[in-house]
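Heads up, the next two complexes both have subunit A, just with different partners, subunit B and then subunit C.
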Partner chain A sequence: MQIKPILSALRRHKAGTFLIAMQIALTLAIVCNALFIIEQRLAHLSEPSGVDEANIFVVQNEWVGSSTAEQADAKIREDLRVLRELPGVQDATPSNSYPLRGGGWDDAVKLKPDQLQDSSGATIYFADDHFLDTLGLKLAAGRNFRAEEITPMNVRDRLGPPVVMVTKALADKLFPGEDAVGRTLYLIGGPSTIVGVVDLLQAQSVDRWASAFAYRSVIVPKRLAISLGAFYIVRARPGQLQAAMRAAPTALFQHNPRRIINEDDGVLSFAEVRARAYERDRGMAILMGVICVVLLAITAAGIVGLTSFWVGQRRRQIGVRRALGATRQDILQYFLTENLLISCGGALVGTVLAVAINLWLVTRFEMHRLSLMYVLGGVVILLLLGQGAVLAPAMRASRVPPVEATRSV
Partner chain B sequence: MSGMFVHNLRLGAFSLRRNPLLTALMIMSIGFGVAASMVTYAVFRAVSGDPIPQKSSQLFVPQIDNRGPQYNRQGEPPDALNYTDAVALMRAHRAPHQTLLFQVGMSVMPDDAHKMPFKALGYATTVDFFSMFDVPFQYGGSWSAEQDEAREPVVVISRALNQKLFGGENSVGRRMTLDDRQYRIVGVTENWDPKPRFFDMFSGNAYARPSQVYIPFNYAVDQKIDTYGNNNCGSDGKRGDNWDSWLRGECVWISAWVELNTADQVQAYRQYLDGYAQDQRNSGRFNWAPNNRLRDVHAWLEHEHAVPPESRISLSLALGFLVICLVNTVGLLLAKFMRRAPEIGVRRALGASRADIYRQFLAEAAMVGLAGGALGLLLTGLGMFGVGMVFEPQIAMLAHLDLSLVFLTLLLAVTATVLAAFYPTWRAAQVQPAWQLKSN
Partner chain C sequence: MLKMTHLSKVYRTEVVETYALRDFNINVNEGEFVAVTGPSGSGKTTFLTIAGLLETFTGGQYHLDGVEVSNLNDNERSRIRNEKIGFIFQAFNLIPDLNVFDNVEVPLRYRGMKAAERKERIMHSLERVGLASRAKHYPAELSGGQQQRVAIARALAGSPRLLLADEPTGNLDTQMARGVMELLEEIHREGATIVMVTHDPELAARAQRNVHIIDGQVVDLAEDPRFHHSVMAARANSPA
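== the complex of A and B ==
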């Protein structure tokens, strides 16, 4: 196939050529970045939580009126007994928070009491001896808390329990390459000995500001004994999640009505917790997906429209070429090659644009650098799209009979 | 002239019917482009609006660095004040108006024993809150400065809470129980819920549900009512281990606002803040140079990232999308107009001027734009249902299709299409009458 006649024909259709190339360039730039955003968001929302999500739900229990720490602690222990006795419930644990909650108590972890800078930030999870079993966590090393180690904690008490558990991510940060069990870390209230290392447990916030200490948590042997209330994390027996979610608040109210469990979001399955935590990520992925699909469809439609116009304009020339011996195949090839040339030009400009848009997003929104794979993928998609879109008008062109050469337009 | 215009529109409509495929492609292209821009714009408009336009340049957030360069975040002072600094600013009374606030969450016990207790969220604040933020009242008004000083248990409730508890009647003077304490109602606000809730960005309540109760700051502190919102202690703060040492500690949890009406007042207040920080340095509490901020509502919302980055990114990409749709439309219009070169030649030969050709083809483009706008409006309407899938419910709730958006959609569609039509029309007007006649 000779390129030269195609180029000289394109020179006579500067505007159309330019428009198609522009459209391909812009589409490439936006589709690359949209696909990249989709990939980033999907990667974020598929990070594992480490807990038995299918069977877990969370009750946010708030007390009515004020009570002393002792009273609040006694009420919590009674509630736990009520919950654990429910037939559909495997286990329950009280905490100040839970993974993917969206925020809560994050604090500094140090290795020496007089250290100026933190060794790391970490999510603080309150736990009793049922915490591991309820959430379905695995110990990577060491042991679980013993029942006698769990103590109540009031709102202003200083946090410095004698023993703590940490997540493996935190252990690796604090003691890289070493065994963390038996080592000491410092919370705000003093030294704590690490007795256990939990394999995998996601932080309470998955927002960008908390990404510096994602997966790093300190699990403290405390019950949150404040008049405000606490969260009960409950693990239902397999297949009984819905039933247990209905039974739990009813049983709690029956036992002690002086409490508030919000009707809208007082009881949340972990699936709902996950959906809430990643709302923005999922939404962005959907939006970018829709934009990509519609954009590609519109670009394809534009190519079909303009190429049809060119074919209509050139019926006579095509007839002449056919009369002079060009085969249908030649005519088809001509239009496909012409589109390929324009698309390549557009793709070249589009690559530059894609990188430029990405750089703007990086500086403006702290996004990551676009990997070249996405640009390459985008180029391939658009070249195929161009060839696909041009196929129908090109087929029509190839069916122009040689006799057309003798007709006036 | 108007007769000519109608004639042009008729010609346009006729021509559009002649090439249904090209016409449909153009209308779809414009419709989708406009709809994508409008839906994302509706969300952006909802989250980037000025929550208190009449006063946003007179309300300021004083921030004081009580952490020092070693512990503050990239040189920025914390986003709220500790009790010591908050009360000092209040006592100094250097602004015409100033207020302090922190979030409270209290259980409401309905008098009717069959009704379940529920949580009411709101603020412990000082008397100027209501006048500074232009809070409208349905009944009664705010408590007085004397009542605040005297630590009286009074409460202002929202219209919605008044409806729930008292069936909407004037409840001023009646008593209600919040967390085992009796309060006397002094006012009922109208529905008032500025979005974003600029005055409580610190506790992440920008798009939270409307607040329901307001109680006096001094009474709340006296009763040791804890904040229901955030507190931030930094990594070295003296935090305190009981209520009194908590109040003396360096954790920040109180939002402060001052109203300053002139540039001089702003300047004077900055000086006062620096002087205050210098005093703290001299007394040994701070061992660093004064590092304060005084941001107005706009600067504060910018600093707090009130507009979610998702909203900006999607609006930018949707505008890019619209540009592509327009490039597409230029191409399709070009194809459509040039296909009619013979017709143009005939018209020109019969005496039509270039201006006539311009008018005819631009009218035709305007019709395409109008049709595209109608489709865009339909798609925008559909898209508004989809907003809930893309943005959080609190934000999706704010975006809505109103008359101004309808108008803007149509205007954008028509303007964009007519702009896109200029080049194809110019090309059409260049057609030489003689050449076309000859070739035929």
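== the complex of A and C ==
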């Protein structure tokens, strides 16, 4: 191996060596953290909602004119009847929100009325007895609401229904290792008995602030009877989503034209709901990806440029080495090894930088700690990139003929 | 040791063919010190580059140490250069990024020699040229004469069968040139085969034999009366 003489030669070219090593270090530090952020965002993107996404769509209905709570509730029930009668619709349910909506009702859950500290935060979903079937949710324990348990609720009412269902994640949090069915929890309006436990249901928000209770929800047997409007969650029969999405607003308008269903986002498939919910995450992942590609390309270009310059500068020296017995492979190996040494130096500094940047992000933005696998992966990527980038100029160097040694400068 | 028979070297462009060597014949025996002389453009350096396997030739035959070299591939030519030939260039051709020790080490590394043997050979060669104390110096810290001595040490370190010198004193002043020439003579006395290209009649006179080249062919020295006269005069004045 030629490591010692290569190191000696590099010591005589400190500026170029230092600059390229620092470029590699910075690239490594940024790429490691960017890839880690991308992975986090992608993991976030693929979190399951728990609902039958392929067949569900949401109608956002707004009423024209004011009405009493009773009138609003009556109109909601009529709309639900119209929707459920559509041939392409399997079921429909009203709610105040739905998973990934990015807005709704989150509240504190307690186990005792005089408890000072909340037992957990939770998303509150208003539901009727069609909620589970419409969303395609599975009961892990207990039972669904009965039709007679569903009551209308005005915004001024305090929430404290006699019965509720909870998600398994909330049940496990409130009653670890125990059966939650039949137990009591307290919402703002009073005690509620848990009658059912739903297997999996994501919260309405996917933002970081809601991550603590991402799958903890309380489902209350209420219809939100307000004059503004309501969400109708509709489950189409398999393969009839698009037809049902077209038919639903038409049927609702035919039944009662005094309403507004926005043409742009009044009817959304769950795929669109998901896309909107994770728009920022996807955007961030793409931005980070672009930054990685640009940085890697700049670093590769830097390595190609510097090595090409060095090959041109050392053409006679290469000829001398060939005259003294170096084979083409020896020359190729020389430049590959030289790059590997610079890259290793850069990677060493880059590793420290990557961890330092991550620590800063952890303290400033509550990010997760960088996995060492990302640093190792980044090092491998940078080393391979370096070897790939240096290959063309190194091949050019290996083709310098030995007679170059005898040519005058 | 070195035998070229009817050798030719042609440089071709789209419109013209230029013969650098034509029907070139030379035979250098083991242990000889031959000076190859001739005017500028006569083909001296072309001869040396072909003799040192730095370049291929167009026609004829070339036997080096009994091996016909025309059919050797690039790796085999590199190996022969490394093991059998020592080069001394006019411009010294030391690698400026390496110190004296590392410069002398270059051909030995390409031979795959172990570190201990390399070190022993390097120090022995440097002692032989009187520069052992300068092992850690860089070429730029040495005089021209010292640099050429390092180049000679580098050529000797691999114990080559043939030493090829291209105007070895061309870049040196008279005093340094004399020192280098004395070193070459000493090396020759120890048994080395040396082929030296020079245009200096005084240096040529100190070799055992002169081979004169004109227009790419070996000619009788007498065909170049002025150079012949200079060589004869130099021989007459030498201490013998």
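Here is the rule we go by: the second predicted complex is superposed on the first by the 409 of 409 C-alpha atoms of A that agree within 3 Å, B and C clash if a C-alpha of one lies under 4 Å from a C-alpha of the other, contacts with A are read in each partner's own complex, and residues count from 1 in each chain.
Methods note: a contact is a pair of C-beta atoms (placed from the backbone, for glycine too) under 8 Å apart; a residue touches a chain by one contact, two chains touch by 3 or more.
None of these values were measured; they are calculated from a predicted model.
Undergrad: Looking at the overlay, does A:294 come into contact with subunit B only (first), subunit C only (second), both, or neither?
TA: In the superposition, A:294 contacts subunit B only.
Undergrad: Residues of subunit A touched: more by subunit B or subunit C?
TA: B
Undergrad: According to the stated criteria, A:19 is in contact with first (subunit B), second (subunit C), both, or neither; which is it?
TA: first
Undergrad: According to the stated criteria, A:163 is in contact with first (subunit B), second (subunit C), both, or neither; which is it?
TA: Touch status of A:163: no partner.
Undergrad: If you stack the two complexes on chain A, which partner ends up touching A:54: first (subunit B), second (subunit C), both, or neither?
TA: After superposition on chain A, A:54 lies in contact with neither partner.
Undergrad: Under the stated touch criterion, which partner chain does A:141 make contact with: subunit B (first), subunit C (second), both, or neither?
TA: neither
Undergrad: So, does A:108 touch the first partner subunit B, the second partner subunit C, both, or neither?
TA: After superposing on A, A:108 lies in contact with subunit B but is clear of subunit C.
Undergrad: Regarding the shared-chain residue A:344, is it in contact with subunit B (first), subunit C (second), both, or neither?
TA: So A:344 meets neither subunit B nor subunit C here.
Undergrad: Mind working out whether A:37 is in touch with subunit B, subunit C, both or neither, as first, second, both or neither?
TA: After superposing on A, A:37 lies in contact with subunit B but is clear of subunit C.
Undergrad: For subunit A, give the residues common to its interface with subunit B and its interface with subunit C.
TA: Of subunit A, residues 408-409 contact subunit B in one complex and subunit C in the other.
Undergrad: Of all residues in subunit C, which touch subunit A in the complex?
TA: Spelled out, the residues of subunit C in touch with subunit A are 45, 48-49, 52-55, 74-75, 78-79, 81-83, 87, 89, 91, 93, 95-99, 102, 105-107, 109-111, 154, 158, 166.
Undergrad: What residues of subunit B sit close enough to touch subunit A in their complex?
TA: Result: residues 21-22, 25, 28-29, 32-33, 36, 40, 70, 105, 107, 109, 116-119, 179-180, 204, 226, 228, 230, 233, 235-236, 239-243, 245-246, 308-310, 312-314, 317-318, 320-321, 323-325, 327-328, 330-332, 334-336, 338-339, 389-392, 423, 427, 439-440 of subunit B touch subunit A.
Undergrad: Can you check the complex and tell me which residues of subunit A touch subunit B?
TA: 15-16, 19-20, 22-23, 26-27, 29-30, 33-34, 37, 62-66, 103, 108, 116-118, 155-158, 188, 228, 258-260, 262, 279-280, 283-284, 286-288, 291, 294-295, 298-299, 301-302, 304-306, 308-309, 312-313, 357, 361, 364-365, 408-409
Undergrad: Residues of subunit A touching subunit C in their complex?
TA: For this pair, the touching residues of subunit A are 2, 4-5, 8-9, 12-13, 316-317, 320-330, 401-403, 405-406, 408-409.
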